[in-house]
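Would you mind keeping the following structure in view while I ask a few things?
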Amino acid sequence: MISQIIDICYLIAVVLFIVGIKLMSHPDSARKGNSIALIGMLVAIAATFLTPGLNNILLILVAMAIGTGGGLYYAKSVKMTAMPQLVSFFNGMGGAAAALIGLVEYGDLPVNEIGKGAVLMASLIIGSISFSGSLIAMGKLEGVIKDIRINKILAFVLLAIALVMAFYVLTSGEPQPILVYGIVLVSLVYGLAFVYPIGGADMPVVISLLNALTGVTAATTGLLYNNKVMLMGGILVGSAGLLLTLLMAKAMNRSVANILFTSFGGASAGASGADTGDQVAKEINLYDSSILLSYAKRVVVVPGYGLAVAQAQHAVHDLEKALEEKGVEVLYGIHPVAGRMPGHMNVLLAESDVSYEKLIEMDDINEKFPSTDVVMVIGANDVVNPAANDDPSSPIYGMPILEVNRATNVIVIKRGMASGYAGIENALFFDAKTRMLFGDAKKVLTGLVTEVKNM
Amino acid sequence: MILGVLKEPTTEKRVSLHPEAVKALISAGNQVLIETGAGLKAFLADDLYSAVGAKIVSRIEVINQAEMIFQINPLPTNERAAAGAGKVIIGVYQPLVERELMAEIASQGLTLLSMDAIPRITRAQSMDVLSSMSTVSGYKAVLLAAASLPRFFPMLMTAAGTIAPAKVLVIGAGVAGLQAIATAKRLGGVVEAFDTRASVKEQVESLGGKFVEVPGAVEDKAAGGYAVEQSEEYKKKQSEMLEKSIIKSDVVITTALIPGRKAPILITNEMLVKMKPGAVVVDLASVNGGNCEGTVDNETVTIEGVTIIGSSALPATMPEDATKMYSKNVHNLLKLLLNGDKLNLNFEDAIIQGTCITHGGEIVYAPLK
Amino acid sequence: MEQIIQYISVNQQEFYVFILAVFVGIEVISKVPTVLHTPLMSGSNALSGVVIVGSILVLGKTSPENYLALGLGFLAVLLATLNVVGGFAVTNRMLEMFKKKPAKK
Amino acid sequence: MILGVLKEPTTEKRVSLHPEAVKALISAGNQVLIETGAGLKAFLADDLYSAVGAKIVSRIEVINQAEMIFQINPLPTNERAAAGAGKVIIGVYQPLVERELMAEIASQGLTLLSMDAIPRITRAQSMDVLSSMSTVSGYKAVLLAAASLPRFFPMLMTAAGTIAPAKVLVIGAGVAGLQAIATAKRLGGVVEAFDTRASVKEQVESLGGKFVEVPGAVEDKAAGGYAVEQSEEYKKKQSEMLEKSIIKSDVVITTALIPGRKAPILITNEMLVKMKPGAVVVDLASVNGGNCEGTVDNETVTIEGVTIIGSSALPATMPEDATKMYSKNVHNLLKLLLNGDKLNLNFEDAIIQGTCITHGGEIVYAPLK
Amino acid sequence: MISQIIDICYLIAVVLFIVGIKLMSHPDSARKGNSIALIGMLVAIAATFLTPGLNNILLILVAMAIGTGGGLYYAKSVKMTAMPQLVSFFNGMGGAAAALIGLVEYGDLPVNEIGKGAVLMASLIIGSISFSGSLIAMGKLEGVIKDIRINKILAFVLLAIALVMAFYVLTSGEPQPILVYGIVLVSLVYGLAFVYPIGGADMPVVISLLNALTGVTAATTGLLYNNKVMLMGGILVGSAGLLLTLLMAKAMNRSVANILFTSFGGASAGASGADTGDQVAKEINLYDSSILLSYAKRVVVVPGYGLAVAQAQHAVHDLEKALEEKGVEVLYGIHPVAGRMPGHMNVLLAESDVSYEKLIEMDDINEKFPSTDVVMVIGANDVVNPAANDDPSSPIYGMPILEVNRATNVIVIKRGMASGYAGIENALFFDAKTRMLFGDAKKVLTGLVTEVKNM
Amino acid sequence: MEQIIQYISVNQQEFYVFILAVFVGIEVISKVPTVLHTPLMSGSNALSGVVIVGSILVLGKTSPENYLALGLGFLAVLLATLNVVGGFAVTNRMLEMFKKKPAKK
């Protein structure tokens, strides 16, 4: 009877998982979805406690208490910007748990149960990869770990070794406890080698993949115990996670293969022109930009010659309107020599019917920057170049500029790292507050409008 | 039918028919006589007309031979006499203002079709010279204002300082007024407009202008879209409201007309004095006395630093396109008037009824009867 | 070959479940807007913490003398809990920004 | 320092300093003398100046008392003599053209700062009167053209027929040319532009204009953005390409200048004859001889139905804003030139170096040495 | 071995069904989806023929040949407009087949197999309802059968009788062949009574519901034979069909309950406000409009005063660009007196930078309408009013108009059914080719841009 | 109650399949555009013709003497075929309008 109740609880939990994920894929219901998934999890855990003959309950509860405390603590105290790292960390813990279960179970498994054994090996290997990979991903995001070139072939050799060892363990006909630890070790190293060479900017995709892997280990663990909730939950997370990985890569205009198998994703991202000398300009994508913009109180647009070249005047006005719909105040900071003729920006913005009241002169807007959440520099360069203030040797020294880095965030939209009219580099692009949003201004702005409207 | 096109008096640069229309009329079976040099000032040389089959002849010949005579400006008495009874003359005669002239023309036995009397019904829109010429005037008024203004229209933020956009006020948002609003907006001005007809508020806004509201205007649906005379009380309120707008404006364009009456004075000399020095007023109502106290028709005067351009003849300053449009209007009327090459004065037709002023020795125009 | 067919046929129920579950997993998130990528990743990470069930089971069946197993099991429960609790909590925090829906004008 | 602002000669309507600048200069410790009525034609009455603390005095007083004398147009010889050696004069003197005058001024012991010689470096943009005045000229050129054109600029589809948009060609896409492109676009014209510097193609397109490409132009980076003389072969090709554009245009605005040389003739009389009757050419290069063969500086001539407006003095026709901009430029230069209320002629500074033509009895301007 | 191969074929068929339905829900892939589903069906049928001990193969083949011939004949020869009827007819056939299977099987079923018996009864009852209901629905769509008011309670009584009979048959402990026929009969009558009172306009929703029911009978039949492909296929069709029913009802702004249980639904459909007198203007939604537009070769925009009032000039240009991205040719048909001043539309469209070349004069565009797929009339009224041609008493009689109804489809965007400047009604809005897309022009166009981009 | 629990537990595999299949059925068409409503209805109608499998089976196992059963079975196969073939064919015709995919520029 009890075991039947457990079965039914698991069934309910699975349904709650599905409904939860489904709701989570829409902004309006995402929070509800998370709660429903949580309820599903609680049902599953509660049911598990009903399992007849469960020992060490106190120990279990203690472990859970510690885990709960730690989990809540980290989740509450982490900075908004460090969340992806934390997700990666938690994911690694899940992988580790699966690997540990595998290790313990191996002791109890009769050597001739090859099917179960294979499943167990999968848990071990994948769990370990997920664990070490996640921790590296976290370190990379934190900026603690630098990109290292690791030969991909070497990495594959590691994976091959792990697989061969597992095959041997399964077929040797005798318990091989030490080899099993060896498998874990090699898998851990493979996890490192796998994630190390991937660029920091691509980490979200990698984390999503590792997350799918953790899902797979949950499923394999489920097979091990013939436990439906782990099996189904694992499959769900695995398949959803895999799709999510593809979607995320697509959103970054990259293929997953390109991300995983091009060493130094960071470097190849850099090939897009984002680094000059040792300085690396930090990129941002459309979605993150649109979030930054949508949740700002005040956004100041600083248009430059590039806006005119891209003929993006209508697009920028559309963005202005989309943001104002969301209650964001949008102003334009007009530098007197932005563009290539006196009044160039006025001509452009008048064409797209931007209200004159929104066009603020340089001196006035400079005063407003400290209370501005996001400055969006669109195709401007010289007019926001701090060299005009700082560097007496610069040809533009002495020109008053728009001091955009007095705002909280700066997004710079331009096609690459090319210099402007004066032909000089711009330190603003390497400023800690600056994020580059590369692309033709019109395309980027059109994309932003869509994103903002979808928020 | 023999159609004759006369050369206009010296101040006029338009001409009644464009070669395009002449071509169509000839292929419909008519004969067309053109006075030598008739289109020259509209950049339409004689050979353009002869190329489409018209005969280039002297003025006298046109007047004597043509059965239907075209001249935009009224024909002088002697030439009307020379033409002789029974002929049809087509031009712009302002029948409601020139009542005596109408009586005279009737007595001469001429059939007069005055293009400005075409009723403003939907079907007649393609013949409506008031609309087409107002379009020219509204556009040109803004250009004149911009050319006379000592300032920029658009806002400019430059290394040599920020130039604020010019403030433009358009009074009277009829056809000319709306075109003026559109043109001033195009040039980058900040445009306000005022009219006694509240229904044009939406129209002004549809062009991006701001409507100055003065509550309490009388509107007469029966007036067919035209404005009617307003109460004294309203006029006072209007005057107060308008003054505020006027004195902060760089450019004021006035087009307020009430058909058949003297134009209302909307800018008094007192207001003028308070305007910014350098400001420009373009008064399109000048032919009816103007909306501005100081206006002199077809002259530019300066009062206390404010330039007042009284210009009722703006279409003549854009002769090429104005001719095209006028000619198209006339041609569309002729399509109704001519049955192939025969005259067909069908007084059942509301358009003919409304446009024909004199016929068979009598005044047939209802408002004058 | 025959073996495989045999295997599939015997476990057809499992295959149906597997295939359907994969379909559900994919379909359910196929239209997720890009802004939700990260929260959804975080949420599904929390769900992958379902291994906690396995951890509990493994620790629950370990004999109190097998210290190694106890230790590993304890660690497994602890880490899995961390994954579950932290996962849900951090997801919730991420999703908080969707709460303060700014007033439309 | 005592600064003196003179009234300009009759044809000029601008004035060197705007009351705003005067106010700032006075609060920096200077004294400012204004000749009676100096700003009148720019709509700046004397009381506006006295209100900010300037002294309104006679011309003679300004010349005698001021240490630094402002007049946009060159001071006549006698007044320079009256001012006396050691004084600073600031205006627009065209040093590269008026070489003899420069020698004379040097010999008079005056320090001359010619505003048109300000080097075109980034830092000097706020003092660059060529840019600011070209902005006015480019804008006004289009307004003049539109006001003179017998046609509409924008396309209009009306009951009285469809009016095609005017075709506008801008030759020389420098500061004035670009502003002309922008203004013509605003008014609804279809705009093409041409320049020998291929780098402006992008700039033209950034304003919505179409660039007419003539391959093979010589460009000299060292010329600092200015154009250089072209090969004969190129000129022929250019001529052929341009002719096609010119003869289909309704409006041509030419701004092609090469510093210190006669302006290149780009529209020959042969081309003019082929242009549409009624077309308008505005030649902003007229002061240097014009880009059009028939151009007469500051006059409007008509050749074969084509109106040619030679206008090198357009800024004077928009005195209010032109004065604001010129004054801002001068004021920005003064910020560099004056240390509080002391003159500080720092020849180390590239701007002073480039702008100061004569000093201490000698010509110090590098290109003339 | 053979039975295992059959199992696998069935598994494959189910996957193909799922993929097929999935692809069918997107315009670009719908045809492919249909083909894949067909392949799935062929696989399932082929596998069934492998069943050991299958008799009467010739008979089966003959029946299939006749069915195939008939099916193809009807499907090819039906008029486009009569397709829904045919779908309903086919659906009825499926229901009938299930009922027939039930009848035959009843003879072979031991009386004590209550579980199977219940399933069989379900097949019988639902199949019969689906059969008779579908035929009535078809008749209604054809217009052969008129609306009849039938007391809903009576209908429910019928259903209750069928259920009671079925219960008796199951529990009586003896074969009740005659009663079984009775059940079929009562169910058939219930089907009639169920569909009869529903208005013809609501038939598509009803057909969709009946289709879901047929799916359910397939599933019950699958249970009967423990046949996975029927079971799974049936569940899929049942659940998808149910959702589709809900979606269709929602698209009509009705609830399913409202449709099913309000007698004479046809009458209440008229209440949406789009009708004037006896004429009813047909509405269209953003989604359908955007598909119509996206798949057109040529779209002509006819702007009017409403475009100016809504200040939608930028939005319409955006739509133009979005459609051109999709390879659609977009032109503007400009009526000489559209708007409220000469050249009003020119001023507007020039402001949003619509190319002059795209603005076509009235006479020229009138010639192009016959080769135009969609005309989009935006805030225009008088200038497209056929009364100007047809009705000598109309104040606008004699004005040349844009003859938009010479195009294949006409979409009219306006806020309601208000008249234009001339204050007269417009027969165009009630034209068979016209669909009204109500709303402020700017809002509607902005919505269309989003939809078109998402296609 | 206990019986129900028992039943669910015993048939849990079936329940998983059922629930998942319902989810798949719903998810898979949840985003269908309105223009595709009718074709999709038609397509899923064709699929409901899968009872043809049952028809074949029923006719296939009928003894050649049982004429009534033969007749009913024959009819069942015929009607089910009509449903399948006609359903797919008519769906295909409906979808033809989506064929001419315009070339992207």
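Note that the chains are named A, B, C, D, E and F in the order they appear, and that numbering of residues resets to 1 at the start of each chain.
Simple rule for what comes next: a contact is a pair of C-beta atoms (placed from the backbone, for glycine too) under 8 Å apart; a residue touches a chain by one contact, two chains touch by 3 or more.
For clarity, every value in this text was computed on a predicted model and none was experimentally measured.
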Each chain counted as touching subunit C and subunit E at once: A, F
Count the C-beta pairs in contact for E-F and for A-D, then report the pair with the higher count. E-F
Among the chains, which one keeps its Cα centre farthest from the Cα centre of subunit A? B
Comparing which residue numbers subunit A and subunit E contribute to their contact, where sharing over half means same and under half means different, the two sides are same
Measuring centre to centre with CA averages, how many angstrom lie between subunit A and subunit F? 42
Could you state the distance in Å from the CA-based centre of subunit A to that of subunit C? 19
So, what's the distance in Å between the C-alpha centres of subunit E and subunit D? 70
By the touch definition above, subunit D meets two or more other chains at residues 125-126, 131-132, 135, 154, 156, 158-161, 163, 186, 188, 208
Mind pulling the residue numbers of subunit A that touch at least two other chains? 18, 22, 232, 336-337, 342-343, 347, 350-351, 353
Multi-chain contacts only, two chains or more: what residues does subunit F have there? 16-17, 21, 23-24, 27-28, 30-31
Considering only which chains touch which, label the overall pattern as line, ring, star, complete or other. other
Among the chains present, which pairs are found to touch? A-B, A-C, A-D, A-E, A-F, B-D, B-E, C-E, C-F, D-E, E-F
The residues of subunit C that touch subunit F in their complex are 13-14, 16-17, 20-21, 23-24, 27-28, 31
Contact set on subunit A toward subunit F in their complex: 1, 3-5, 7-8, 11, 14-15, 18, 22, 228, 232
If we count contacts the way the header does, which residues on subunit A are in touch with subunit E in the complex? 314, 317-318, 351-353, 450, 453
Which bits of subunit E are touching subunit F when the two form their complex? 17-18, 20-22, 24-28, 30-31, 33-35, 37-38, 41, 44-45, 48-49, 51, 53-57, 59-60, 62-64, 66-68, 70-72, 74-76, 78, 80, 83-84, 86-87, 89-91, 93-94, 96-98, 100-101, 103-105, 107, 204, 207-208, 211, 214-215, 217-218, 221-222, 224-225, 227, 229-230, 232-244, 247-248, 251, 285, 287-288, 291-292, 294-295, 297, 324-328
If you look only at subunit D, which of its residues touch subunit A in the complex? 121-123, 125-126, 131-132, 135, 175, 178-179, 182, 186, 202-203, 205-208
